[in-house]
Amino acid sequence: MEVIGDYANFVSTSNDAGAVGAATMGDAIYAFPVTSDNGYFMYYDKSVVTDPTSLEKIVADCEAAGKGFYMEINSGWYQTAFFFATGCQLTYDADSNGKFMKANVTYASDNGVKALKKMIELSKSPSFFNGSAISNATNPGAIIDGTWDSGAAKEVFGDNYACAKLPTFTVDGETFQFSGFGGFKLLGLKPQTDTNKAVVCLELAKYLSSAEVQLARYNEVGWGPSNMEAQADSAVQSDEALSALAEQLAFTIPQGQYPNDYWTLATALGDDVIADKYDNASDEELMSVLEEFQATCESYAQ
Amino acid sequence: MAKTNKTRSKSFHNKVSNTITYIVLILMSIIWLFPFVGLVFQSFRSYATEYGGMVSYIIPKAFSWDNYAYLFSEECSFVRWYLNTLIIAFSVAVLNTIMILCVAYALSRSRFKGRNFMMQLWLILGMFPGFLTMICLYFLLKQIGLTQAGAIPGLILVTVASAGMKYYVSKGYLDTVPKALDESARIDGASNARIALTIILPLAKPIIIYTALEAFMAPWCDYVFASYVAFGYSDSYNVAVALQRWVWTNDYQGFFTRFCAGGVLVAIPVTILFMCLQKYYVEGVTGGAVKG
Amino acid sequence: MGKESKLSANIQNMFSNIGKNVKEIGVTFTEGDWKTKVSFLIMGFGQLMHKQFLRGIVFLAVEILFLYYMISFGAKYLAGIPTLGTTATYVDKSGVVPVTVYGDNSFLILLYGILTIFVIIAFVYLWRVNVRQNRQIQTYLAQGRKLPTSKEDLYSLINENFDKTLLALPNLGVFVFIILPIIFMICVAFTNFDADHQPPAALFSWTGFANFKNLFSIGSAGFGSTFFTVLGWTLVWAFFATFLNYFLGMGVAIMINKKGIKFKKLWRTILVMTIAIPQFVSLLYVYKMFANDGLVNGYLLKWGLIDNFIPFWSNATYARILIIIINVWIGIPYMMLMATGILMNIPEDLYESARIDGANGFQMFMKITLPYMLFITGPYLLTSFTGNLNNFNVIFLLTQGNPKSMDLVGGAGYTDLLITWLYKLTINDTNYRMAAVIGIMVFVVTAVISLVVYRILPSVKDEEGFQ
């Protein structure tokens, strides 16, 4: 259900720009933002990783210590960290009904090939494991994960718990900073046929996305607020995971709308990389893979 | 002389082959039991003292009952889910058996017009994959209000309604009961219903137990439709769905050991039941071809 | 007499049946008295007039219910079937808050429309029975026989017609919960019901054979090559899963059954225990065991047997082989149990006489044990094979059909069976139309294989040859 009038005003004035952008489709606001912390950064073991700013050093440290480096490269969400870093673009334009009108994809380029090459190189490492849930990791040295796992990460790493923004990586002599998606959690409302019921729903959603509730949520489960008033709170400001995330968010692109098929396609690409399909591929072969990827992405917007 | 040599070498040959067989059997037992032993050990690894997720060793550093305690605690609805599944299993066991027996008896004992047509139709229907009808069934149930909050009756209804199609084994068994019994009873003036209930039914005890056992064991593992029907309403989950949710939702850190504990608790009644009624299971599957 | 001539004979039968029925209806009308003629219009009239109250009331009630159903409910859905709805749902933004006004619901139209068609067919059938009963009344009266009373009708329900009584409820259940949904889904395969066309927000409509064309189309976005890849693996998997389990299970049973092996019951119990433990528990644990950072890789690395972890689940070939092996682990106990039961019933003297004739172990197996087992478990093999074609649990719980690849569309993975792919299309993509098409394909595959095997089976069942 679309949010109009006073409620739309409330959304756009009390939450940070990224959150408002995420709640907008076309020119209509359709949800109430609840968090601004749906992005990812890196948790790592202080005693294993000496320099968390360079991907190559991190991986080398993990290999030396016999620990694992975890990143879910077969997820369309984490995969973009590589491609957005080298300057590629992948977004969709959608109208107010949610229908995808146009795809803006530039993966089939030299930048894309560089990103794909780095992904392949990473997957070849003996300490690379595909995954992003620290509960499923058996011996992690570092993991690309989000704030929802901060409690579990503290348990696993104990006193060696540390957070950092995503590192940089080097390919073909050039250095890039990992980018990726900055995400937000939103509260949506089911379409109503009865006006009174609709008003009740809207009031409830407004309350649940207010500063008071967002702060309470942070205190209980650690979700980073999107409400600007809540963000100014001192406890929020000093949270380690949230500050690492905030640092990383500067390099990310707010996550927009993507068709379901895109996520499946990205998983397919990631799975192929993990299956060593492109291990000895030349740059031309990688380019043709990306061209196919791009063409399929574009076919989803019709 | 030649004879003793032959028998001696033969018994040596036997001994060797027996030893090899023993070794193979021991290896097999280890391989077969290994995951379960691992599972049981994992269930004793405490969430509090050692990390609750996956680890790379099997034997926990400290044994504890924490996981089991958690399952029975206030914040976890495990008991509720267990009860749900028990209710479903019992209802399905009883109702399914009745349905199947009705069909098997009718098809075995009488020849009516359209019998062949019905049997062939059901055979063909059985070749359609079950999931095909899932969304349609979901909406049907939704119209009657038997989803989510009413998921348990809904699940039972769907299972029982189509139970009649699984009559093959029972019918095969009933076919081996001689029709002469029916005849003599009918001469004495008994109605068909009376014959069925008083004469045939007691003879069908093995197959009844087999059918009930099969029906009872199935709901413990039914993940697919159960999760679809109860979607979003966690009080209506059965154990399979609930435990799966724990492990697949990445937010539930460290629930893996609790999953193991839950798994063990689910396995126990089913295992015991199965062991006791093994004999009937074999008779059923071989379709009564092995009698006496 | 092949299946073809039987089929055409069946069709001929059907037509001649219809012809006979029409003729009989005509005869009933012309030869009947005024009560019979009225019964053509008001069902149950003739029976009531002749004091068959139970029958009369039942038929009358059927007619009234049918008319009520059609007028209040069925007719409008039936009318909507050709178009599957014309009024779309829209949002009214004129008020304080947006209010959704619902239009036609294509799903319900299709569902209830099909239901109405069946109701009409059932009604026609009952009307025909009504006419036949009136004819029967006429004939009995002409012959001077007594008409069956209501009490006798009730008694027949538990006597001659007991079988019909028994079958009533199961048939109803099968109709509502199996036949109706299957016909519905077959119809969906001819529409464009997918994520973009979901009622109640949007309408879907008929598209003819477009989906089937899509399934077989070769090309990057087409489903064709993916379909054949998945189909191929499904057949390979079913073959290995069935026969490997069968022979290995038999082998284990024979091994345990040999004379001189002690603790037979213990070995059997250990193996059988694995059946009883629910698959979703054991399979998940096994899956994690073989993960890249799991137990197996961990120990192999520790013992220095390998340098790098073996990507069991991310490499398509490894994953497929591993799945077959794990399925053997699950399936052998079942087969062993069954084989043991059967083996114990093979008469010992058969083996004795063979041994006297100088046969060794292998020959005895091939000439005695194997034919006997195949004879008894032949049908089981067939059901096991078709069951494995649709063995959802093992595949889904282990790998969910992964690993995916850019070469496969529609979310399919290298270890997907047709049925797991169908499930993913339904749940993840809500691509109901392609799921329906694949469901139909699964049916076709199963049916073809079953037919083929049924032809071979009779020769296996040759009892004389067995002796």
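Each chain gets a letter, A, B and C, in the order it is written, and its residues are counted from 1.
Operating definition for what follows: contacts are C-beta pairs under 8 Å (C-beta built on N, C-alpha and C of every residue); 3 or more make two chains touch, one makes a residue touch a chain.
Worth saying up front: this structure is predicted, and the values here are computed from it rather than measured.
Colleague: If I average the CA coordinates per chain, which chain comes out farthest from chain B?
Modeller: Farthest by centroid: A.
Colleague: Which chains, taken as a pair, are joined by the highest number of C-beta contacts?
Modeller: Result: the chain pair B-C has the most contacts.
Colleague: With centres defined as the mean C-alpha position, give me the chain A-chain B separation in Å.
Modeller: Centres of chain A and chain B (C-alpha means) sit 42 Å apart.
Colleague: Please compute the C-alpha centroid of chain B, do the same for chain C, then give the distance between them in whole Å.
Modeller: Averaging C-alpha atoms per chain gives centres 19 Å apart.
Colleague: Where in chain C do residues touch two or more of the other chains?
Modeller: 288, 293-294, 298 - these are the residues of chain C that touch more than one other chain.
Colleague: Touching at least two other chains at once: which residues of chain A meet that condition?
Modeller: Residues 136-139 of chain A each touch two or more of the other chains.
Colleague: For chain B, jot down the residues that touch at least 2 other chains.
Modeller: 54, 56, 256
Colleague: For a test of understanding, state which residues of chain C touch chain A in their complex under the given definition.
Modeller: 91, 93, 95-102, 195-196, 220-221, 288, 292-294, 298, 307-309, 311, 314-316, 402-408, 410-411, 413, 428-429
Colleague: Report the residues of chain A in contact with chain C in the complex, numbered from low to high.
Modeller: These residues of chain A touch chain C: 1-2, 4-5, 68, 74, 99, 126, 129-130, 136-139, 191-195, 198-199, 202, 260-261, 264-265, 267-269, 271-272, 274-277, 289, 292-293, 295-296, 299.
Colleague: Please name which positions on chain B make contact with chain C in the complex.
Modeller: Residue list for chain B touching chain C: 14, 18, 21-22, 24-25, 28-29, 31-33, 35-36, 38-39, 42, 54, 56, 58, 99, 102-103, 105-106, 109-110, 112, 118, 122, 124-125, 127-137, 139-140, 157-158, 160-165, 191-194, 196, 217, 220-221, 223-224, 228, 240, 243-244, 247, 256, 259-260, 263, 266-267, 270-275, 278, 281-283, 285-287, 289-290.
Colleague: Could you please specify the touching residues of chain C with respect to chain B in the complex?
Modeller: On the chain C side, the touching residues are 107, 111, 155, 158-160, 162-164, 166-167, 169-174, 176-182, 184-185, 252, 255-256, 258, 260-261, 267, 269-282, 284-286, 288-289, 291, 293-295, 298, 329, 333, 337-338, 340-342, 344-345, 376-377, 379-380, 386, 390, 392-393, 397, 418-419, 422-423, 426-427, 432, 435-436, 439, 442-443, 446-447, 450.
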